[in-house]
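To keep things clear, I will list the structure first and then write my remarks on it.
A, B, C and D are the chain letters, set down in written order, and residue numbers restart from 1 in every chain.
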């Protein structure tokens, strides 16, 4: 891989990561969207309706923090969920990448609570998400799904501005996980770790049902 | 991939998709069959009894809409389930591809109802199947299996002519899913989305059992 | 793949199939063994203790029907379970391949009956195993495991000589499945189909538990 | 693969094995660590915080048996769990490799006992771990997790010095499995076999819940 290219254009790493997530069944059909921020504050995000296992550089749109489309190599439209990425980059200036995927397990665990906080189990894996505590109590914020994605984004903004979560992740009910991180590699690791925890939670329920 | 070839001969994309589905365990042994319609109304369909992970262009038969075999590069016989493909292409003139696969989950969910309609859960994934509604109520038509496939095809024709389903998919009990679409890519995405929903349904039952 | 080579020496296809089964988690560690019969009645069988994901032609031993080692390219010893292969080739002269793998699901379903016959569900997939009936009643013979493999082989011989099973497969409790077929390709398909049925049975129990 | 290189430098085989385990979801994010002992008694161990699917030779640190860092090609720090590897190599002089991975199933089964011994089922697979008995009774030692890894290492040392386990493996609650072996290949096989047994145990509980 050409690392210089990756530095100047994060799309190549996003393509590779999307293929990886697609193969894990976290981006089936055309589901999910990935973005990476550039030095000028704008971000590249996957265009709407593209198969995530076979993206090319023209399957991205560059968007300003206010949502204005700045560049679209392949006449694509930005993902319908761009407003959530805008919200994350606005709330967390250190975030360089924001990834949203739709695993089966994320949908299942979103029903493990009726409220708006999902308690996570005390697994060693939490260390990878930045939690170094004995018997940590960690919850993940849960938001209701809504046909109008801007409504979801607005609720995320209102809540996380006041109470940022302990780990950089949020869950939309029946609609999957969103994580953010200070690098693309860290964001990929966070997705893997969160999905691991969700699979653990689902399997534990299947045992104790 | 040679896109011009794909345009003139859909068998190359069918080969690629069959290998993908085989690797997902949706076409184990020699199970399932894929077809794509040509401009003249005839369609290429996988020949009977071929391993779906390693198809070649000679593992297909070209069939007219009335079932007559027009061309068989590799002395194959059309799939035993050709009559279902004929029915779909007759009922839905816009359909360009028809895919039938046999996942374990499709078999399991076919018993989640004793009737002939399977309710689907309200997942975001339904959008990929064309359902953009708040809390959508979607059901999938279920048909009884029958050693005589023409009997199944006849029941499909009788029912779907009058009440076409909300999403382009039907389920045969203990025998897997069939989808159709206006392009080969869309049909592949539909299979992925429907199988995702089935896996969700199975896992949810394992939790709530 | 060089098909002429495959014709004269089945080890190349056995290597490929073992890698496939290894990747499915059906031959983890060094578990399982595959054999193919030659025109002179002897058979190549995987040598004992080799990793099944990375076999080479020297990881096989050629054995006569009476168990005598005829040829061993890589100073290997025949699999500890060679006596079961001898039994199958003796009982079923038409068998050209005999495959034994150790899936988790095969172990689980071996406890779904306390007796020596495991009922299989009425899935369309049974057709691939040669059963073309409406609502077929098929059972699979189950044998107790034993440290002394010759004891298992002897029980198999005694029972199947009198009552050959409807489908060419038998199960050893806690020890996996054995299938046989008139070609290597058919044996591979049979393993896939039987394992599919076992996975279905396990998932159905997890739902109805 | 260059086998001479592998003999003189085990890092190449560790890289390959880590990629294999990563693909099995046993080393997600940057979890887990692998080591191999050299002729002089020191050992190469994965550096802290590296993605296990894409290691290079500079992602390792060479450590003496007393924990002193001897060599670090890529300015890495030794894994936080190095003290456990030191303990294993000290207790078992014949051990040439020590592998630690974090599967979901290992975490689940660590709760199948409240005590410090986990009973394993009587599967044929135990033979691959060195247990050749009729109906073997095998348990695996379980240790409590602790933020301070040296505390875990100390407990392992105290216990296993007096009562070495029947199979070369130990489990840390919510934190995964550690195995050791007289060769890198054997250690890889042991991980596969132990994880197979854990998956069996989880699936059996899901059936009998």
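Here is the rule we go by: a residue touches a chain if its C-beta (ideal position, glycine included) is under 8 Å from a C-beta of that chain, and two chains touch if they have at least 3 such contacts.
If you're wondering where the values come from, they're calculated on a predicted model, not measured in any experiment.
J.: Same or different for chain A and chain D, where same means more than half of the interface numbers show up on both copies?
T.: Different: when the shared numbers are divided by all numbers used, the fraction is under half.
J.: Taking each chain's centre as the mean position of its Cα atoms, how many Å separate chain A from chain B?
T.: A distance of 31 Å separates the two centres.
J.: Please tell me the distance, in whole Å, between the geometric centres of chain A and chain C computed from their C-alpha atoms.
T.: The answer is 44 Å.
J.: Touching two or more other chains, which residues of chain A qualify?
T.: Expected reply: 206, 209.
J.: Using the contact definition from the top, classify how the chains connect: line, ring, star, complete or other.
T.: ring
J.: Applying that definition of touch, give me each pair of chains that meets it.
T.: Touching chain pairs, listed by label, are A-B, A-D, B-C, C-D.
J.: Once bound in the complex, which stretches of chain B touch chain C?
T.: 25, 28-31, 51, 102, 104-105, 107-108, 145-147, 172, 174-176, 202, 205-206, 209
J.: Any idea which chain C residues touch chain B in the complex?
T.: Interface residues on the chain C side: 121-125, 128, 132-134, 185, 189-190, 192-193, 195-196, 199-200, 203-204, 206-209.
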